[in-house]
Each structure stands twice: as structure tokens, then as C-alpha cells.
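Some structures to go through are shown next.
Next, two complexes with chain A in common: one pairs it with chain B, the other with chain C.
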Partner chain A sequence: MTAPGTTARPRPPARERRLPGDADMWVMILGDLFIFGCYFVTYMVFRAMSADEFTASQRHLDIDVGVVNTVVLLTSSLFAALAVLAVREGASRQAQRLLLATGACGVLFTLIKAYEWHAEISHGHTIHDEFYSFYFVLTGVHLVHLALGLLVLGVAGRELRNPRRRRPAIVEQCVLFWHMVDLLWVVIFALLYLMR
Partner chain B sequence: MSAPDDRLLRKDRRTVFAAWAALTAATVLARFLSPGESQSATALGDELVAAIVVLGLVKCRLVLRCFMEVRHAPRWLRFATDGWLAVLWSALLVIYLI
Partner chain C sequence: MTDTDAAPADEGAEEFGEPKRAGKREVRLVYWAFTVFYTALSVGICLLGRATPPPRPDVTRAQAAAWLYQHHLGIQIGFVFLLVIAGGAAISNGIIGYFMKRMSSGKMLAYAYIATMGVGAVPGFQVLLVCWLTATFRPDRSPDILYLLYDLGMLSYNGSLGCFTAAYTVLAIAVFYDRNRIFPKWFGYVTVWQIVTEILASQMWVHHAGAFAWNGMITLYIAIAIFGLWVACLLVLLRKAAGRESAHTPALYEAEGAR
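What follows is the complex of A and B.
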């Protein structure tokens, strides 16, 4: 007769707690989240002071364009997260392709945003409207971050192309920045498009 | 690479795909909670706004935990990110409802 517990399947080893990326990158990310958070709250305070005007202006935004852009950016984050896992497996080629797909989604997001800006300006919705002044600044600052993210993805791709380097930690940090861009968009989408 | 590492990597891959599916589903669900351009110009009901805020908070936490791997991070980072989420979304909801 076997002793109780001896036939049980061995438990998988507990995963070690570790900081994704490094502390410097997290200081930057948390700082950025704090600053954007202050701006989101400021927008909501201004919205509360002129709720009817903001709601009327928000109705002009095409919510489906916002949904498509959100799904595009979420898909880019999926590719970026898979790229990190591929680097950890030592599959550098696959990681490079996944980073390329991430960047392609970022470019597609920018093109859709440019189309949306063009449509809004063509309809006379400019910064003279209080809601649209917030809309252009929030989405504009986010686009600047996205452009920086594309640059950072390029750094990660360069790292993977060099067989003597290929440091997983560098790729992890670059991808963390990209996920932050995605995270900020999730809040912007809810604020501008959904909370009418 | 050892067998446990392979198992953990497979688990991480499943987590990432599940998070992406949940995030996409939450985005589509939130879209149907919010009225379109053609509908009445009155503000949303409080319940709908609360639902949109909860969906937004859940989506942000999924990005942080599953994509940014905060679920494996030290306690200070998990508390810092959860604190940011709680303060931000509760402030947005309270200001909207006032």
C-alpha cells in the first residue's frame, strides 16, 4: 500500500517573481501613466462642466473606427508578447517576424487615425470646439508615443538581427513600451468614444 | 531548455492568446453598450457608464497582467499598477456621475 500522497502528480515548480524589463523602464512607464492619468482626469473635469456640449461633439466621432483601431492595437500587443516568448525560446527569426507584424499593426493604426483626423477636420471639427481640442491633443500625444514605440521596436529588431547580441532583456523592455502605448489607448478609447 | 521551462512557455502562450480574445470581446461588447451617432443625443444612463468603466478597468488590468507580465512581478509593481487603475477609473466614474 502506498503512503498517502505518493501517487499524486508532482506539482510544477513555483514561478520565480521577477521584474519584466528593468527598473529604469518601469520608472518611465509609471511616470508616463501618472502624467496621462492627470490629463484624463482633467479632460473629465472639463467634460463635467459642459456635459451637453461634449456629448453633442462626441456624437460626431465614428465609434466603429475607434473599435477597429483598438482591435488593431490589441493585435499588435499580441504579436509583441509572442515575440518576447519566441526570444526566450531562442527562436530569433520568429521573434523578428512577430516584431515586424507588431510594427505593421502600428503603421495601420496611424493610417486609420490619419483618415479619422482628415474626416473630422473636413467636417469642420477643429480645436475651436472644446471637446475636439482635447480629442486632437490626447490622440496626438498618443500618436507621438506610438511613433516612439515604432522606433523602439526597430531597436529590438536590430538587437535580434545581430547573432552576437540578442539580449532577451532588451527585447522585453522595448515590448513593454509598446504595451504601454496600447494600455493608454484603451483608456483614451473609453473616454472619447464610449463615455458619451 | 529544460522541460519545465517548455511547459511554462506553453502556458504563457495560452495566457497571451486568451487575454487577446478577452480584450477583443470586451471591446466589441463595450461598443454595443454605447449608442451610435444616429441615436438620441442624451447622455448615457449611469448603469451603462458604470459598465463601460468596469470593462475599461478589466481591459487595462489584462494588458498589464498578461501582456506586460505584471502577474509575475514583485509585489511593489503589482500594487503600483493596481493602485493606478483603481484611482484613475474610480475618479473618472465619480466625475462623470457628479
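What follows is the complex of A and C.
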């Protein structure tokens, strides 16, 4: 409650204060983050039990590739956020182009990841090594999410192509999912590539 | 079971003096059959059969044979009981398929769900029962054979991912495309988590110990927690959907003749 005599800051209109996306998507995102959180804790516990072996295996990862992938995905999130702003302002064509750029970054991320997997397997780093079993599972499950994200971006693109629809809420939901994929990668990158 | 085509004729049924709530009663009966089957499955598999939580995958032949001998009575009672009531799996798939048929996403997905879950019940359920029952009813067989049955039962039970992945995918698609809101959209997302855990289960074929073995934290315990959540949500949603099955409530779907 505002105390008498103080200058009350006007509350923003309800439309500005609302949560982007719908409750269903937030169930997905929060639940997914919790499940991934369980995977991350499991990884850290196993890492703590065999810290030397994990560190030795981690040294074989190419950190530059990880950094490039992180930059690519962060850039994609920037495009996605700009797409939401564009669709809110009614600039559907611009939003479509931005979503296309987001998807292109996603495809680029996948190609880089495929190259990295190929390089690691070629060097004999497979799931028979405990660290690499975590590496392939965590990055693999993330890739599955990224593929779903591309599908979801397609849904948003289809929404924007139809002049009678173009609901900002749908685009917001799709972009929310994409941001989650991005956030998960940042944590995976920190755990697998940087944590020593 | 009340069919999709039959339900809209409830008003007509009243005119002919048929019980108004017959459809609802049937659905509720099958819902309780579903609940009882899953409870019996949990008791048979977990408490008596000891398949969940599972025995260790990194044991020797002698240890596997000793484990089977130690738990032979529970396995025999629990798994023979489950063999007898195995048809409950079909009823469970049936009621989900029934509500999927009421979705606007189309009947094909319902049939696909029923078919994939029906096929999945063989490796994911029956093979475990048959393997471990054979091992416990024929303890005089060679330790190598008992060892194989021990492994085969567990790997088939936990590692048979393809059919279930397809079933959950079909269910999620049906929920997302449904405009009748038979199940809420968030349940579609919970079903997506199930797909991910099924994909992860592939790891247990390779690992004998650790987080990805058949008793691993990721492949088993986190997956079971998600499965438990999925079943709990499903039970609540089916109960709600079954509660809406009445001649007095609006139809949950577009009638065939009105299309």
C-alpha cells in the first residue's frame, strides 16, 4: 500500500504487466528446466566422484567450437526477441524475417554440433568414457529440444504468414521455448566445457 | 464401450427409454478398471517382482542366479498374477484412445496410440514376465541361461523405447491439435518429457553401471519420477473427462453427422 504523502508510481496497464506466453507453455518451460536441473546435478555428482577422469576427458573438447555455438545460439535468441517486438508493433514481415534468421542460427548450431560429434567420435571419444556419455546425452537431449524449437518456430512463422491470425501471444510462446533452449545450452556449455 | 458415434445420440436414447447416463457409467467403469490395473501393475512389478527398483546390472552369473532364487516366490506370485490380468493394459489404452477419438485432431491418432501401446506392451511388459517366470520356475537350468533371462527381462522392460516414443509422440500431437480441449495443452508438454526419457533409455543397453545403466539415476529414477507424474496427471484428467460424460453436458466433440 502507498504511504500517505509519498508519490505513488503509476502501475503499468495490465497488458504491459502480463506474463508473456500462456500458462501451458510455462508448465513446459519450468518443468523442463527442473528435469534438466536434475540431469545437471547428477552430472556434477558423478563428476565429483571421478573428478580427475572427467577433467582429463574434458580437455579433449574443443572449447572454441563450444564458444562459437554459444554465440550462434545467443544471436538466435536476440533475433527471436526482436521478432516478438516486431510482431507486437504489427511489423509481420520483419518478424518473419527475424524468425527465419533465428531458425537459420538453430540450423547452424546443429551443423556445428554434428561436426563436433563427428570429430569427437573420430578421435575415439565415445559413450564408453563416462564423461563422454554425459556429453553425448546432455548435448543430444538439448539437440532434441532444439529440433522441437525449430518446429515451434515453424508454427510461429505459419501464424505470421496468415494475415487473419498473426496473434502476438502465439509468437511469444514459441520464442519463449526458444529462449529456454538457449538458456539450457548456456548451462550445458558451462558444465561440460568450462567447469573444472 | 460407448463409441464416438453413439454418444451424440444420447438425447435420442432418452426418447427410446434407455438409461440417460449409461455412457457415463461405462466410461467411469473403464476408468476405474484403468486405475485398478495400474495399481496392480505397480504392486506386481515393484513390491512382488522387484523389477522396480531393479536389481544391479553389473552382477556375475552366480549373483544373478542367487538374486532370482532369493526373490523367486515374489516373482512367481506377482508375475503370474500380472500375466492373468495382462489384458488390463488393453483396457487402459482403450480409455485413452476413446478420449483421443473425441479430440478434433482426428481418430487416426487414437488408433495409432492404441496400436503402438499395444505393440509396446509385449517388450515393455510381457517379455519381463515371461523371462523371469521361466527363470524362477526352471531354476535347474544352466546359470548362463538364467543370466540371459535376467538381462533380457530387464533390458526388454526398460530399454524397449521405440513403441512408447511413438505412442507419446502421437498423444502429444493429438493434444496440441485438439480444439475440443479434451486434455489441457500442458498435458501435451508433460507427454513430451516422456518422449525424452524414452530416448534416454537407449543408453542402458551400453552401460552396466552409473547414471545410464538400467538402475541409473538418469535412465531410471528421473524417468520414473516423470512417468509417475504423467500417470498421476492422466488419472486426474481422465477422471475429469469421464465426469463430463453425461447426456446433460454438451457434447465434447463435433458429431459425425454435423461435419
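To be clear about the criterion, the second predicted complex is superposed on the first by the 180 of 196 C-alpha atoms of A that agree within 3 Å, B and C clash if a C-alpha of one lies under 4 Å from a C-alpha of the other, contacts with A are read in each partner's own complex, and residues count from 1 in each chain.
As a convention for this text, a contact is a pair of C-beta atoms (placed from the backbone, for glycine too) under 8 Å apart; a residue touches a chain by one contact, two chains touch by 3 or more.
Being a predicted model, the structure only gives us computed values, none of them experimental.
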In this superposition, the partner of chain A with more touched residues, chain B or chain C, is B
Identify the partner contact of A:A114: answer first if only chain B is touched, second if only chain C is, both if each is, neither if none is.
neither
Scan A:L30 for contacts with chain B and chain C and give back first, second, both or neither.
first
Looking at the overlay, what does A:V137 touch: chain B (first), chain C (second), both, or neither?
second
After lining up the shared chain so the two structures overlap, which partner does A:D62 touch, if you call chain B first and chain C second: first, second, both or neither?
first
Which partner chains sit in contact with A:I127 here, chain B, chain C, both or neither? Use first/second/both/neither.
second
Using the superposition on chain A described above, determine whether A:A169 touches chain B (first), chain C (second), both, or neither.
neither
Quick one: is A:A147 in contact with chain B, with chain C, with both, or with neither? Answer first, second, both or neither.
neither
Intersection of chain A residues contacting chain B with those contacting chain C?
45
Looking at the complex, which residues from chain A come into contact with chain B?
12-13, 15-20, 26, 30, 33-34, 37, 40-41, 44-45, 47-48, 51-52, 55-56, 59-64, 67, 70-71, 74-75, 77-78, 80-82, 85, 88-90, 176, 179-180, 182-183, 186-187, 189-191, 193-196
Could you please specify the touching residues of chain C with respect to chain A in the complex?
184-186, 188-190, 192-193, 196, 199-200, 203, 206-207, 210-212, 217-218, 222, 226
Within the complex, which stretch of chain B touches chain A?
1, 4, 7-9, 12-13, 16-17, 20, 23-24, 27-28, 30-31, 33-37, 41-44, 49, 52-53, 55-56, 59-60, 63-64, 66-70, 72-75, 77, 80-81, 84, 87-88, 91-92, 95-96, 98
Which chain A residues qualify as touching chain C in the complex?
22-25, 27-28, 31-32, 35, 38-39, 42-43, 45-46, 127-128, 130, 133-134, 137, 140-141, 144, 148
